């Protein structure tokens, strides 16, 4: 049994915290509004309205927050985790943020892991997340039983920040494949080729991908119910660009795809599934207005 | 038994023609040098040194040539297939060329199919090619027994030119995924993350692709033995750009990837496997000089 | 007095041929419809309906045609210039086409210059064209008096094809600056900054350009009366991409800008001034629908 | 006579502060090391080693710092300008940073202007800077006499943040034109065209720009003595990308150019003039190794 302070009971965090409580851990969730804690309480946890009370006795503090400013505020701000949690508590940040922040927190001497996830809301609900962990091996070993409550694939990918870097790499590849499949669809359709038959061929050969397998039918039908929203992928492309800057590398295709994802958001598709990147590509070809 | 005139006994064409002869068809191969016909003769075929003799009695003429100028020369030029083959012979162009040429040939009233392949030299040798066919359904049905001698996947994707368009779409997606995986590797390595562990995670999730499955180990190890050469993929990216122009669509990511593939060639990697696109991306980050 | 066969009495060619006739040269213009020759006849020239008659006695043949297929047809085709003009006639191709065709014509042993122009319809009417000439110095010297009738700036930039290469370089820079100025306008406007004041600052510093000087007011006001049409610049971007391929170089920004210009055409702005590239950039940011 | 606290006596700030003191203002410069203040003292100013002492009696506080974290630290941090300067002091931030920070400072109710400059070290030394000012008209009027000591062009471009946005727009256009001119040079040289003659033509027409006027000779000769360094332009491209994100717009060419500038830095050219972007473009074409 581990005492866990959990900060960030949102769409992802609420089921995660509940799973941990159901598994027998003593979970205190940080809430601003009482409703946010209902699910955790039903699972046997408790809640607190201040960070101080949430983390005061924690062995582990888990954060699941929107982006790096929130993590920095909660962890490093006045009355933040760094001043209120026990000295040896392990901070596990499961948010998707830029690697730089994870490294900065570790450099302050805080015992910490960066452990972003993929798998989305369904993965959080079904405890089938993939978890990419950066940090010291001892801490990963210590946290592994908790990760196993939350996900199916747990991989220790390297030192502090490495989890976030792998997540950034994942998101740049996913965003890029959506752009490529979108361009293939636009080319096929404008050339009078049945995109269903065309993408079937692509899916069966070297062009094949998980995205073609799972999304080609919905993309051809312009069904963009999320799934994972454009707004979130736009945030993640920003992280990839920041990570590249931090690592002093140049990623030309990612630089362009990030702008196309920004276009998807700017054009009003922020709440649609990220496969709606197709809307941007087809608008560039004068299609999709109907 | 079909009488076949086969033009283009190269690395791909030689085993294909031999397979057709072995399967019992009467194959005449066009040769410029005697050696080019040895394999076909061993398989029971014959050879001719003029196009006129190659196609004079053909039911089917198959072309497997480097690019559209060669196809246009062989088919439409003086003493070409159009003037020398029987009126109702079926022309099957299995070269990878721009869709425009396939459409132009069909518009001249020539009974024809465009049927480019994927699977490379190994696919030609092992008769496991994927064949993308554009043209009339009757002609596809007529040619199917021949295609089944050459490949495993035969898909009729649409009207004349559609086979080439699907091939172009395939190649733009493949080239683009190589670029994305290259950018992921460069980011991971420069960030101090083990790329093996990192790409394992990507391969298991939404970023997964055939290329990650087959090529991530060799790319991380910088093993670039072809496979399919950069020079050929550079040609194919040019076809994709031409096809987009013909279809009046804009493909921004493809436009950039085509230039990166051109860079791979210009930097001297033309004879390496197309996964050597990684060399371009890493040079942009000051890596890979050692 | 030079005997000139002039092929291509279009928007550009008609005033150019007339200027040459007015200057005292003996100009025969090739026409398909009688109206096309009216202006030339008024200026003292004559017309012919076949290429053979147009060039039979020419010292110089000038071509001013839409693109390389037309040039190749007129020069190299059956009954083309190459077979019908006197052996030592000088062919001056003033069309904007890919350098490859200029080199190919010269390699056939034809005495020729490539001499594309910039300055547009106004430059042709006012005889203020800039003329970029590729070929042998002797031929340039021979042709210079004719060029001086047509333009103000005549520069011999190198061997055969060099004129077309310089034109391609010019057009890629012009297209790219339009894209950059468009992105600046979109950023300023979306940030609540007066674009007039903002672009005034840019125009006065290192970001300054002829395009900012001449076009910033009309771009901010969304006035896109041509000038030089998107459709033509789209053609020219294709030439730049072809020239890069021929020269075995990689031009990443040009590859992207070519696709944005293709988008301008695909989105229906082909007949507008090329500064309408702004429409593409603003549509990517969800603007400009009103 | 205005009492000015000046924070950031670097390459730019030192001559600027000295000019203000020479003009008769009472300038206190913030120093960490005594040498930093010598020039200001020689011009009649004084120095202080704490921010509190620097700004305690100031009418105006000027900051000239590397990037937004330094500005945020100096202005908003513990013992920062916000707590130590008189309530009605005017903060003029002349650093080049993201617009977001300027807006955030103004939103805190601080009387402030954002006033980034262009013109570089020479402009600072010679008091010929161009100054782009964002903020309230009253404050701009109040500060104008100070700006006139420092620069030649002073433009009030809009509300808080507008100065930084215009600077970002300026830098994206400048970076982009360098990329375009580099691509033109690479194309010309690889095609066997004399780049001097070629760029002369471009400079005289619609492709003309300040960069072509000032830099084409040095670029062709590969002379990259700064001037303005790649490292700084890399920082500024990051600001442009951030500004686009903040304004919710998509800038595809800027996204790509930012990565090319990142490549220039990653390839080891960070200390060269920003025109060394040419090194990146030529390396993509296998050139420039010699």
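As written, the chains take the letters A, B, C and D, and residue 1 is the first residue of each chain.
Everything below uses one rule, namely that a residue touches a chain if its C-beta (ideal position, glycine included) is under 8 Å from a C-beta of that chain, and two chains touch if they have at least 3 such contacts.
Since we're looking at a predicted model, the values are computed, not measured.
K.L.:
Check A-B, B-D or A-D against C-D and flag the pair whose interface repeats it, over half of the contact pairs matching by residue number.
P.N.:
A-B
K.L.:
Between copies chain A and chain B, are the contact residues mostly the same numbers or mostly different, with half as the line?
P.N.:
same
K.L.:
For chain B and chain C, what's the span in angstrom between their mean Cα positions?
P.N.:
Averaging C-alpha atoms per chain gives centres 35 Å apart.
K.L.:
On a C-alpha centroid basis, what's the spacing between chain A and chain B, in Å?
P.N.:
Each chain's C-alpha centroid was found; their separation is 38 Å.
K.L.:
What whole-number Å value describes the gap between the mean CA coordinates of chain A and chain C?
P.N.:
51
K.L.:
If a residue has to touch 2 or more other chains to count, which residues of chain C qualify?
P.N.:
244, 248-252, 254, 256, 259-260, 263, 266, 284-286
K.L.:
Quick one: which bits of chain D touch chain C in the complex? Just the residue numbers, please.
P.N.:
Interface residues on the chain D side: 99, 118-119, 130, 132, 134, 153, 155-159, 161-162, 165-166, 168-174, 176-177, 179-181, 183-184, 186-188, 190-194, 197-198, 200-202, 204-211, 214, 240, 243-244, 246-254, 256-257, 260, 281, 284-287.
K.L.:
Quick check on the complex: what are the chain B residues that touch chain C?
P.N.:
By the definition above, chain B touches chain C via 238, 241, 244-245, 248-252, 254-256, 258-260, 262-263, 265-266.
K.L.:
State the interface residues of chain C toward chain A in the complex, per the touch definition above.
P.N.:
Result: residues 252, 256, 259-260, 263, 266-268, 280, 283-286 of chain C touch chain A.
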